[in-house]
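Taking it in order: structure first as structure tokens, then the write-up.
Chain IDs A, B, C and D follow the sequence of writing; residue 1 opens each chain.
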Amino acid sequence: MKKVLIAGATGSMGRKAVQLIEKQSDYQLVAILAPNATADTKLPAAVSRFDNLADINLAADVWIDFTTPQAVFANVKFALEHQMRPIVGTSGLSAEQVQQLQAIAQQQQLGGIIAPNFGLSAVLLMKFAKEAAHYFPDAEVIEMHHADKLDAPSATAITTARLIAANRKKNPAKTNMATEARGADYDGIAVHSVRLPGYVAHEQVLFGGPGEALTIRQDSFDRSSFMQGVQVALEKVMDLQELVFGLEKIL
Amino acid sequence: MKKVLIAGATGSMGRKAVQLIEKQSDYQLVAILAPNATADTKLPAAVSRFDNLADINLAADVWIDFTTPQAVFANVKFALEHQMRPIVGTSGLSAEQVQQLQAIAQQQQLGGIIAPNFGLSAVLLMKFAKEAAHYFPDAEVIEMHHADKLDAPSATAITTARLIAANRKKNPAKTNMATEARGADYDGIAVHSVRLPGYVAHEQVLFGGPGEALTIRQDSFDRSSFMQGVQVALEKVMDLQELVFGLEKIL
Amino acid sequence: MKKVLIAGATGSMGRKAVQLIEKQSDYQLVAILAPNATADTKLPAAVSRFDNLADINLAADVWIDFTTPQAVFANVKFALEHQMRPIVGTSGLSAEQVQQLQAIAQQQQLGGIIAPNFGLSAVLLMKFAKEAAHYFPDAEVIEMHHADKLDAPSATAITTARLIAANRKKNPAKTNMATEARGADYDGIAVHSVRLPGYVAHEQVLFGGPGEALTIRQDSFDRSSFMQGVQVALEKVMDLQELVFGLEKIL
Amino acid sequence: MKKVLIAGATGSMGRKAVQLIEKQSDYQLVAILAPNATADTKLPAAVSRFDNLADINLAADVWIDFTTPQAVFANVKFALEHQMRPIVGTSGLSAEQVQQLQAIAQQQQLGGIIAPNFGLSAVLLMKFAKEAAHYFPDAEVIEMHHADKLDAPSATAITTARLIAANRKKNPAKTNMATEARGADYDGIAVHSVRLPGYVAHEQVLFGGPGEALTIRQDSFDRSSFMQGVQVALEKVMDLQELVFGLEKIL
């Protein structure tokens, strides 16, 4: 029975992670790091609660992190230095920070995973899009989000476009990109952003070739979907030899 | 049995129109205007063939026009002046020319129809989008065409966006239109154009409201679809009191 | 300022209705019928709370009902007999009960609306499907719901199929309906039901004709969408001359 | 420069194959087997034409076969026995025949490919569906074809369902399969068939998991799309060590 510490256990994702661990037969929750927990916070019996990193006086095998951009780097560094394998869903780590953490993991001979997106449908979409790009050099990306999302395109859509561009083996057809309706151009891939109330978070990749089309679409209806990806991480984390970045690396 | 003259009977659309008339029980093809017909051109028996407008020496009840932007105005004027009701699928008439022809039709007390798009799915999409706009002020348009289409967005997509904008009864949500990925802005409606090989001609309208979405999509796989719209025009043309513009007016 | 009584104000839909009324400039909540309300139930000031029909001793202009199949008939009868115009989103009324209530409304010279589905996207889908059937006799319905929904097809899908069948003007193409994969046959329309976790409530109508296709799709992500339909009912209810059945009648 | 013989070069697929070979820089058409060729059949210069298998008196490196179910077995056997690597798009080989041909290929130490479907979008859909099944045990298949297709579901849809079923790692959700609307059950996967005029050949796989969905769709607008798959086969056939069945094996 492996031991788990959850950092950020009282946030919306953290609470789902607590529920997820309770359903595992080979993992057991032993502690939470939760500065914002109150007297009312319900915890399974025999779970220690810590308010600060410095107070943590027990060891776990796995450190699950759903905290804040401000806290995540120190958290994961602490975890690695105390022989805990991190599963990190918190956003906000810079590329340099990720590299630093990967170096520490190597020194400590520990594996783990940092994933900006634990949604399996989004990660599989990217994986399949990358592979389809070998055969279909012509592709466009359409992402659709709720009207309140300010940035466009979404980070996932940009990543998808770049993956496709990097994996094409033939030149795409020439198209007119000069008009606004043709969207944003990322490495030669047109990316379109739809913003409408009612929508949640959705992405489509459209591939076209002579006489045929291939479309891959993912819909995230709510963030509970992330727990499927955390489940995959739990199944693999004890065998990982390094601190990998991106859920797709372990699918 | 009403008589039909088809102008442009040897072009790709004209040939389909000839076949369509052959299937009607209440219409009969009596003549074609076909400057490019050759000795090989097969015609039903008892159909007169004319090379020039000036040669036409018989009267029909209906004039179907699938010719060229250069010829269409003179053709339709001639038809109206000789008491033939026009069904016009040729593109290229300016707004002024349409008005002039409508005035002539009024003088002659003749009805008819000029339609830039005889595709029923496209016309119904516009009709429904216009109506949905009353209830869903938030909408975006995505049109998808083959990679060779140079202009973007398509004329139909622009028309659709303007119809939606003109029929909204509430203010839409504010979204960030400042980035390229958000597409072209037509009267406050974002319009996106996809250009990919394999695709033919397709359009989607996406509506979003609190907790729900409505999507209308049409696919034109080939232009044979236009004949469905011409069929509708044939069923109504003898009863029309004016020269209407747009198939949606008679649906 | 018109007065509103909400029956079922403490249920999930009723609470949303309370919020909706608070946003209206021409309606005011004066009372609730809420047998299950507790001391904790928060109510706007100056709102009367009743536990039983018999206790209601004030008059409102509009009666909004989101109660139970057991209570709804008596509730609406009471409302009409006390000069309140009903807006009814509760399911469970039989066709006979609806007719009885319509007769009472007529005697009382009151209008109102009973709607099995207040989701605007679903109601517009049915309206458009009915209209498209005039031109596209060939149609199929695919509805998609969460894996827990036991019945199939959904009531809305059946209604949609029957509306299409009743409004066709031409015979559809003959297809082989003899294999299971072809779905259920409702008046000659194939209806398919998808049941998958993650999905909420979605319906598509696919129309096909020579060389083209038309698709109408609606997605209900959560039941908050019903309040858009109640809003439409509020805007029209004071002008209705009869007790109409179905939101589509007033769109 | 490798030499190619095309069997069935005057059929609709064979003609496209002739055009495809003309565009290759490392392949050259040297002969056709075409019993139905007429004096009018246009062939590139220096291409031999044979009416019967027995007449073929030259060797090529690759044998492309788009013939008939009656001819294909003898053709491919002949090709292998004469040291030609087969690329076979003809349908109608039984499982036993495929095994016999694979045995001959092994004796002759030749590779090649037999593919029931050379459409890249369909083959990639199956490949991705198989992989997604590891993570999403809940899936349904919807295939859509023109109204004239008599059988349902399509062979590709059945293959897709079986691939998904065979690659699931978890139990799917329990759903009610007892009503007709739930479609046909292939190894626990619901398969739905839509038959509508206008449609060509399309397939969707819908995956659902907690809070998310993944959809893969392919559209075949015309059979010219098969040549993309033949192109891939040409790029790999000289390196194949066995007679593989299914284009997905070499993607």
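Criterion: a residue touches a chain if its C-beta (ideal position, glycine included) is under 8 Å from a C-beta of that chain, and two chains touch if they have at least 3 such contacts.
Fair warning: this is a prediction, and the values are worked out from it, not measured in the lab.
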Quiz item: From chain B, which chain is the farthest off, judged by mean CA positions?
Solution: A
Self-check item: Where chain B and chain D are represented by their mean Cα positions, the distance between them in whole Å
Solution: 39
Quiz item: What is the distance, in whole Å, between the centres of chain A and chain D, each centre taken as the mean of its C-alpha atoms?
Solution: 37
Quiz item: Taking each chain's centre as its mean C-alpha position, how far apart are chain A and chain B in Å?
Solution: 48
Quiz item: So which stretches of chain D touch two or more other chains?
Solution: 198, 207, 209-213, 219, 221, 225
Quiz item: Touch graph across the chains, line, ring, star, complete or other?
Solution: complete
Quiz item: Okay, in this complex, where on chain C does chain D touch?
Solution: 138-140, 142, 144, 147-148, 150-153, 157, 173-176, 179-185, 190-199, 206-213
Quiz item: So in the complex, which bits of chain A are touching chain D?
Solution: 119-121, 124-125, 127-128, 131-132, 134-136, 207, 209-225, 227-228, 232, 251
Practice problem: Spell out the residues on chain B that touch chain D in their complex, using ranges where they run on. | Solution: 198, 200, 219, 221, 225
